[in-house]
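Common to both upcoming complexes is subunit A, partnered first by subunit B, then by subunit C.
Let's turn to the complex of A and B:
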């Protein structure tokens, strides 16, 4: 009981992810499973981005670069080197982590808008590079040999397995986010977000802390990339590094509440739900991105703290539960 | 008597402006050193040079037998130096307790979170902010934010504390409280350098005073000697008679 009292903040997010995982299992419909997979993927990516955006206060417009790069590395190892899915997933995460470490050491010296611009540059540069990188198939990318799925019990079973791995990754992202939030390292990140100069005067080693925040926010997206493109059957530059997906992630995090554990999860679910409705509606199907643009504008103008931030502000009673 | 901080010929320029010229002094452990001077004399710049925000171009700074001339602010904190800011720098969206915990966690004692929370509560009690511990730092008023600056610096349990105008903007009863707090801190063995414009307070608490004007040390000595120093009075007021008059009014 004491343990739960100390960690009430993780309860609601944990239940949300578990419910999302059980929903297709209980209903048994493959269509529900695919919807749930998309939602869990968004939860994992948004929770990861939150470590950088919400806790550290650095806006990254190119976070999807880690998803694409990790995905490419994993799929390459899977098809060309014959690695197992598990090892490929791990390698994708590690590759993205290393990329974040190297990038972070360079561009995290920038602050505010300059950092945000640099992240766009990084994403576009990576796309251009992969487009011309023959080892990764250049502009046509890498296609998985269908026989790969046999190792995992055939295509249908592979989809099922992918779903559970996806749920696992969402859970991992959530726990990582919570651990960072409730650690001393996380307190240092929050201090950097609020006032980087003051934090340094108090002894927070900002360059090191920021770089590690970047690394922690990159690992899960790298793994999600591998899983998604494994399930997808191929990976191409234009699917791997879509700039608009980065912006959609920002909307999710800000909609739910940046800097909270549950916020990005709620935001991811709400945004994906809305997107699902918009792309199938005859009126909005071509302008769904405009709607998310307007949404971002409204959030920034009226509820900059996001839904959870707003609730925490209004109802101090919920603060323990809505960490 | 151990020397905790030693400045040797410290100079700093910003473009064409010579902000500090050849500042040299030794600070024995346990003393309160008052740093005074007219606006723009370079007092805050001297603090920024001492704790690494703007390292000096010339000269050396020795803190506890280590050369820290080129060290970063975070390294100074790890060595046991803490400061408050003239313009308060609260971490607005964090609670008052969390603000103070940052000081305890990342200072030279490198406390873990649960110890830091205990230290934060003690320090908040000490500076009189305990009832506000769970409030967001952004919601405090100016006097409380000044106390918060002080609490954060104290939570690091520093050897040397740099106080930059902690009395500015406070009313007379708040000033009295703050002066008592400063004296209590000294009793705990902390060495203090304080920049202050409130003359009565700085004259009362300082063991020694250094006067800066246009980046130069124009006088140094006990509070009584400084109050009578012609050069100091001229730097401040241009007219010694007016000075006496003002001191009487206080």
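Let's turn to the complex of A and C:
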């Protein structure tokens, strides 16, 4: 009982992800499954970004670089080296983690907008490099051989399996985010967010802590990349490093509430839901980007703490439940 | 020998383009220098400048260089509007807020622009002759664009150093609180600086439109170039941006002689990250 009282914060996010996983299973419609997959992917990516953005306070505009890079490594091993999907997923996560470690040691010395600019530069440099990298297929990328799916019980079954792996990754991202948040390490990150110099004085080894936060926020995106491009059947530079997807992730985290466990999940669901509505609605479909822009502007200007931050501030009751 | 010929042909062109890139970057870096805001709506404003030239030249038959005046004026007003609506409230907030606020303006412009103009390419069918220099040919449009860019740089310099509002801008950039205590109307000055930044972006877009095809999304790549140039010249240093632009233009001229041109962005962005790491104040910035 005591344990539950201490960890009520994970309950709501956990239920949300489980409900999202069960919804297509219960309704049994492939269309619902695809929608749920998109939502779970957004949840996994936004929760990961939150470790860096929300807890540590570093704004990464190029976080999608880990998704693309991990995806490329995984798909390369899967097609050219004949690795299994499971090993490729692990390899994608590890590759992104290593990339984050190396990059982080260098660019996390920059603060504020300089860091944000550097992440944009890294993403663009990586995209341009992969475009020229013959091992990864250059501008045409890598296409999966259709027979790969046979190992996983045919294409239809492979889609089903991918969905459950996606749900597993979202769950993993959520638990990782919660563990970081409730640990002493996470407390160090929050201290860095509030005042990096003061945190160092209080005994937080900021460079080390920041680098690990970066690594933790990169692993899941790498794995999600492998899974997504496996499901997609091919990977090319243009799809792997879309700068606007990075920014969409920032919007999701902002929308739900940065620095909270449930915030990015709520933000991901709300953003994707809204986007789905705008793209299909006859009035807004042509200007859906503008409508999203107006909404984003309103949030940034008037509720910068996001939905969860606002709720926690207004209603103390929620503080225990919404971590 | 073939490479030398290629270099002789491409370097002068690169220098001319560099001036125009520098002008675009100057707008970005001016805003950063005055208010520590990175304007992510920079690209769409450049694209709006391009369409300004397109509509005035193709529909109304106005000479593109005469059209620069209305483009500059509208660019100034759009910037002041963006500042008032989107930026002013978050000017003291953490960087994420101002980055996202300007990005939302980016989304609004791109969204409306895509709906109205589609994303298909346009071009302005305008020619100003060419000049033959030995084996190299210089296009008149690029030559004039470089001259206009230099003119605007000189104008900006005179404005910042010789006029009262210019002095106010430099005072606010230096120390906003102290400037306010001295009676500088800081809100108006911030709005003016933002307007000047977008004006330079719009003008550079209008110039680029005279020699490259463009679409509503075309501003994005010039925005990225502006980041690279801004960092090369030192963010917040408008004159440094012009030199940064020249360096980038020359690089774009030199690299294709030795490597495939698809390597240009790899080198550009690699250099960008490297300079941020070793000299965040830029090649021409003072050491802090």
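Just so it is clear, the second predicted complex is superposed on the first by the 322 of 323 C-alpha atoms of A that agree within 3 Å, B and C clash if a C-alpha of one lies under 4 Å from a C-alpha of the other, contacts with A are read in each partner's own complex, and residues count from 1 in each chain.
Assume a residue touches a chain if its C-beta (ideal position, glycine included) is under 8 Å from a C-beta of that chain, and two chains touch if they have at least 3 such contacts.
Here the structure is a predicted model, which means the values were calculated and not measured.
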Exercise. If you stack the two complexes on chain A, which partner ends up touching A:124: first (subunit B), second (subunit C), both, or neither?
Worked result: second
For this session: Name the contact category of A:187: first (subunit B only), second (subunit C only), both, or neither.
Result: first
For this session: Using the touch definition from the top, say if A:287 reaches subunit B (first), subunit C (second), both or neither.
Result: second
For this session: Give one of first, second, both or neither to describe whether A:206 is in contact with subunit B, with subunit C, with both, or with none.
Result: first
For this session: Return first, second, both or neither, reflecting whether A:198 touches subunit B, subunit C, both chains, or no partner chain.
Result: first
Exercise. Who does A:88 touch here: subunit B (first), subunit C (second), both, or neither?
Worked result: neither
For this session: Using the superposition described at the top, determine whether subunit B or subunit C touches more residues of subunit A.
Result: C
For this session: Once the structures are superposed on A, label A:278 by its partner contacts, choosing first (subunit B), second (subunit C), both or neither.
Result: neither
Exercise. What residues on subunit A touch subunit C, complex-wise?
Worked result: 53, 57, 59, 61, 106-107, 109-110, 112-114, 116-118, 120-122, 124-125, 127-129, 131-132, 139, 247, 250-251, 254, 258, 286-294, 296-297, 300-301, 304
Seminar exercise, completed: Within their complex, subunit A touches subunit B through residues 183-184, 187-188, 190-191, 193-195, 197-206, 259
Seminar exercise, completed: In the complex, subunit C touches subunit A at residues 32, 36, 38, 85-86, 89-90, 93-97, 99-101, 103-112, 114-115, 224, 227-228, 231, 260, 262-263, 265-266, 268-270, 272-273, 276-277, 280
Exercise. Can you list the subunit B residues touching subunit A in their complex?
Worked result: 51, 53, 72-74, 76-78, 82-83, 85, 89-94, 98, 101-103, 105-108, 112-113, 116, 152, 156
